[in-house]
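One chain, chain A, links the two complexes that follow: it is found with chain B in the first and with chain C in the second.
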Partner chain A sequence: MGFEAILQILIQGLNMGLIYALAALGISLIWNATGLFNFAQGDLLTVGGYVMLSMFSHWALPYPFAFLLTCAVMGLAGYMLSQGYFFPMFSQGLHPDIIVIGTIALTVLVQNGILLLWGPQAQRFSPPLGDSPVHVGQVIIMPYYLWNIAVVVVLVALLQVFFKKSILGIAMRAVAQRPVTASLMGVRTNHLVALTFLLATGLAAVGGILIAPVIPLIPEMGGLVALKAFAAVLIGGLGSFAGALIGGAIVGIAEVVFATLVVSTYKDVFIFAILIAFLLVRPRGIFSAEISEKV
Partner chain B sequence: MSRLAYLKRIGLAQGILLVLALIPLIGVPAYQFYVLERGLQNVLVVLSLVILLGYTGQLSLGQAGLVAVGAYTYGILCVNYGLSPWLGLVAAPLAAGLVGVVVGFPSFKLKGPFLVVNTLAFSEIVRILILNNEKVTGGPFGLNRIPAIATGLPLYYFMLVVAFLAAVATLRLSRSHIGLALKAIREDEVAAEAMGVHVRNYKLLAFVISAVLAGVSGVFFANLAGYLNPDSFTINESSTYLLMVVLGGMDNVAGGILSSLTVTSLPEALRFMARSRMVVYSLILLLVLRYSNVLNLANLKRMMRRRQPTPDASTVAQNKVNR
Partner chain C sequence: MKLYKGLLGLSLGVFFAALTLVGCQSSQPKSIKIVHLAPLTGSASSYGSFGVNAAKMAVEEINSKGGVKLPDGSQLKIEYTEVDETSNSAGAIEGTKKAISLDPLVILGPNRSGGVLAAEKLWKDAKIPALTDATNAQTTRLGNPYTFRMQISSEYWIPLLVKTGVEKYNVKRPAVIYGLNDYSKANWVATEPAMAKFNLKPVIVQTFNDNDQDFSAQLLAIKKSGADSIFLYGYTPEVGKITRQRSELGMKNIPVFSERAASVPSVFDLAGKENYEGMVTTTTMSQGDPDPRIQEFIKKYDAKYHQAFSASHVIHYDSVYIVADLVSKVGLDREKIRQELAKLDYQGAMGHYVADKEGNLVHHMRTQVWKDNQWVMLLSENYPVER
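Let's look at the complex of A and B:
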């Protein structure tokens, strides 16, 4: 296998992997703030894609404007979801398993909602840099590969600044580490949990916007994406920022490598097998964050 | 559970199933009858989850995968190898039970949501394998012309008898030493181990029993539909099964039977809403979960044990520690 083939695999894998990483980051953030696995993260990503489809293709808003508006709408939805649904369930002291089942019920609602609003057919919108592939030597690069990777890199840099420098980001990390102490220091936990949901849903929305040109949107795609995101987050390390990114990249690249070298129909089986192996052998993942209790 | 409470529960379960036995006598239109049969088939899956989640506290989102294993084993043996349906009825739950062993092993190390991800991944692997082995399973085109054990009323009464036996067995299990060991594992694994419960063996047993029940349900599915397609065994089915058992009250057999019949027929009852019925259906499920403590549907005492006087940070913290 030549250098060019490796480059091809790498760029294709990174493209998908970083999208999984966005969903994985959301899962990781919510886990840090609440100790909850949000199984609906993949479906929130799909909704993001569909909202973008409506704004960009149907209402013909300019791409950057539609992009930001989609993130805002989805972020608000996430905020309300937390305030109206998940936080009340926490504060009633419901069994954590019931709340997890609540997120699973949410996936059913979201998928049926999409089916009702946008229909069952696969839909796609054209990416900002066009659909014609660019040939660099033997490597075929779709312009949206580069666009997707660039967007995620910028987003991650912004998030790092947010968590390290801004008072809100510091408060979020405080809630993740010591919720009780944080509340004694004047951090409003319910507000912060809702903001975490806002951030996670916003990230998922970006993932949905970026995934639509690569894989056409279908209502039930969220389940598979969520499982890949869980693979990313558990391989990388639950609760860790870098872990979600690296895990996403590993899942994306492993998928393309397996599809190219072995057989493409079983690439998902391969990823899930890695996931199960990691759960059994190293449930803390590669980067295990010390802040939260695990397993 | 006291003797009286136990007898009440047995009586309740028997009562519901007696009503089900009488329903065909009043004459039900064919389609409604089919929905009723599907509900009865789901009762077995719910009972399997009552044992796994209700008694043992193991959260699984892979039940649809096990139902698929049962259904496809039956279908493949009967269609491709011409086996008699009755032998298929024996072989399919055995195959599902074997797969249950494989699914059960990770539970030694994994808990709560980690176990959910694991079982979910397993069930997706099963679905993808079925989808891609076209020569054996028919792949996306499905498996056609599956012979049935019986049809119409005889099948209905056969399913009813099996569901009745399974319900009584599940209830009796809860009072047996096995059931007590399973509940001890649910409450506190370390304490159970210290009291001499072999946690691994009992967990594995719970997974196998539940897989066998799911396998039987799969056979009935194949009998009812006569046609199998991987789309019938998705994450959605697994989550619906989980919702049914939660709405029924986790370890409540009679409640589980009622909720599986109700949840199965809910989309049909909402048919007048046409396209939006599935949204309304899932919204109802979501709201019932949200207010499960108010509605007293889930087992109140156990769910509310960690109730806090005011919503504050410590509830979130506790939620995390409880993982």
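Let's look at the complex of A and C:
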């Protein structure tokens, strides 16, 4: 296999991996803040894609405006979801393992809501840089691959600055690391947990916006992405910012490499075999999720 | 006292007589119950919604004329209920159980071969005829006299697809890619002998799983193999995504030959019309067919739903009319309906339905190509009806 073929495989894998990484990041954020695995994260990603579809394709808003508005709307939806759905469960003192069932119920609600609002047909909107492939030697690159990579890189940089430099970001990290201490220091933990939901859902929306040109939107798409995102979270290191990103990239690239070099039929088996191996040998993932590293 | 006892006896007599009368009335059906097992949620929900639309159109047409006239002169309307079978085997079993609990005269569906194979014993035990929508040859070879197929078995239309490739496109180095489900596997099984008849052998065979999102590994392997054509078998979502990705990987010049799932309108949305140009598919009814009955149906469907449609939808329209026709002949006796289906000879909107010994009702098939935003018919064949 030549260099160009390898490069092509890596690009294909990285493109999917970045989408998994965005979903994984949202899962990690919520886990850090609440100790909860949100199985609906993939479905929130799908909703983000559909909201963008409405704003960009149906209402013909300019792409950048529709992009930002979608993130804002979804962030707000995430905030309201925390207030109206999760906080009542938290306030009842339910164990997070039980609330996980609530997140699974949420996936069913969201998928059927999408079905009602947008219908069952697969839908897609045009990517911002067009649909014509770019040839670099023998390597073929879709412009939206580059767009997706650029958006994720910028987003990650902004998130790093936000968590390291801003008061709000530092407070969110404090709540994730030492919730009781943060509370005693006067941090409104509930408010910050709600803001974490806002941020995680906004990130999911970005994932949905970026994925729609790659995979046409269908109501149950999020569940399929979420499965890989959970694998990415656990391989990368649960709760780790870098782990979510690297885990996503590993899952995306590994599945394409395995399918190309070994057999496509068992690529999912391969990914989940890696996951099982990590759980047995290095259960805290690549980045071991040191508490100081938590987002 | 005697008077009271007499009155009590009379009252009880009247009471039980009334009960008996009510009982008799309730055992007399007030409608012709048809339950449609369709995928209303899940990955095939788009397909399901089209099929339900087509069936409802037939029900509305029949009921608007007062319903179906039974042999005894009475007239009954059709009571149509759709039940979600989610297009997977577990969903088909659950859906069939629910359908049976509704006590229908006939079941339409399930949609996919895996669903039919999983649930057929249920309608067999309940003795309810089912007009199924699957192409795996085995679905009508299980000794179930209540299973009928409104499609053609893959054993028949894959040879026509291969023939089209050879005769119309000079295919010499075919690649095959198929999904790991009962429907697609049956197509693959039918492909090797069909190709062998033309001294062809696939240069590469690739597989994928249902719900896969990325097919670049398989497509790059096909590209590397130097294949001059791709025979693609899968459900609509995967066919659409593979067709799109093929273009993205610079393989638009390699023609794709696919089965009926590729002629469903939702594939256009998934693949993008610009990537669909040149797609060859099998079908039981082509929009490019000049037959006036077919063109009339297309106009009628479009006027009502403003949607494109495929042959996979018109069979649900015809299924309702077939049931109505049989009820008008033999009434509401399920066993008689089954016997009539086993010797069916009916002209529907899609074509001529004739039953063979296995319960296959459709025996004509076409291949078509998507060219300049419309379907153009390529080859047409009928296979013999063995009774």
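Worth pointing out:
Here is the rule we use: the second predicted complex is superposed on the first by the 287 of 295 C-alpha atoms of A that agree within 3 Å, B and C clash if a C-alpha of one lies under 4 Å from a C-alpha of the other, contacts with A are read in each partner's own complex, and residues count from 1 in each chain.
Following the convention adopted for this analysis, contacts are C-beta pairs under 8 Å (C-beta built on N, C-alpha and C of every residue); 3 or more make two chains touch, one makes a residue touch a chain.
Just so it is clear, the model here is predicted, and its values are computed rather than measured.
Per the definitions stated earlier, placing chain B and chain C onto a shared chain A by superposition produces a clash between them. In the superposition on chain A, contact is made by A:I101 with chain B only, not with chain C.
In the overlay built on the shared chain, the residue A:L279 is in contact with chain B alone; chain C does not reach it. Contacts of A:N112 after superposition: both chain B and chain C are touched. More residues of chain A are touched by B (comparison of chain B with chain C).
In the superposition on chain A, contact of A:L36 is made with chain B only, not with chain C.
By the document's definition of touching, of the two partners only chain C reaches A:P216; chain B does not. When both complexes are overlaid on chain A, the residue A:F90 reaches chain B alone and has no touch with chain C. By the touch criterion defined above, A:T265 reaches both chain B and chain C.
In the superposition on chain A, contact is made by A:L224 with both chain B and chain C.
Using the contact criterion defined above for the overlaid structures, shared-chain residue A:P120 touches chain C, although it does not reach chain B. Within the three-chain overlay, chain B meets chain C in a clash at only one of the listed stretches 81-89, 117-125 or 135-143, and that stretch is 135-143. Overlap of the chain B and chain C contact sets on chain A: residues 111-112, 115, 220, 224, 265, 268. The residues of chain C lying in touch with chain A in their complex are 40-43, 45-46, 48-49, 180, 206-209, 211-218, 220-221, 224, 237, 240-241, 244, 247-250, 266, 269-270, 272, 274.
Considering their complex, residues 33-37, 39, 85, 87-102, 104-109, 111-113, 115-116, 175, 178-180, 182-183, 187, 189-190, 193, 220, 223-224, 227, 230-231, 234, 265-266, 268-269, 272-273, 275-276, 279-280, 283, 292-295 of chain A touch chain B. Residues 53, 57, 59, 61, 106, 109-114, 116-118, 120-122, 124-125, 128-129, 132, 234-236, 239-240, 242-243, 246, 275-276, 278-279, 281-283, 285-286, 289-290, 292-293, 298, 302-308, 310-323 of chain B are the ones that touch chain A when the two sit in their complex.
Of all residues in chain A, those touching chain C in their complex are 5, 8-9, 12, 16, 111-112, 115, 119-124, 131, 133, 135, 140, 142, 214-216, 218-220, 224-225, 255-260, 263-265, 267-268.
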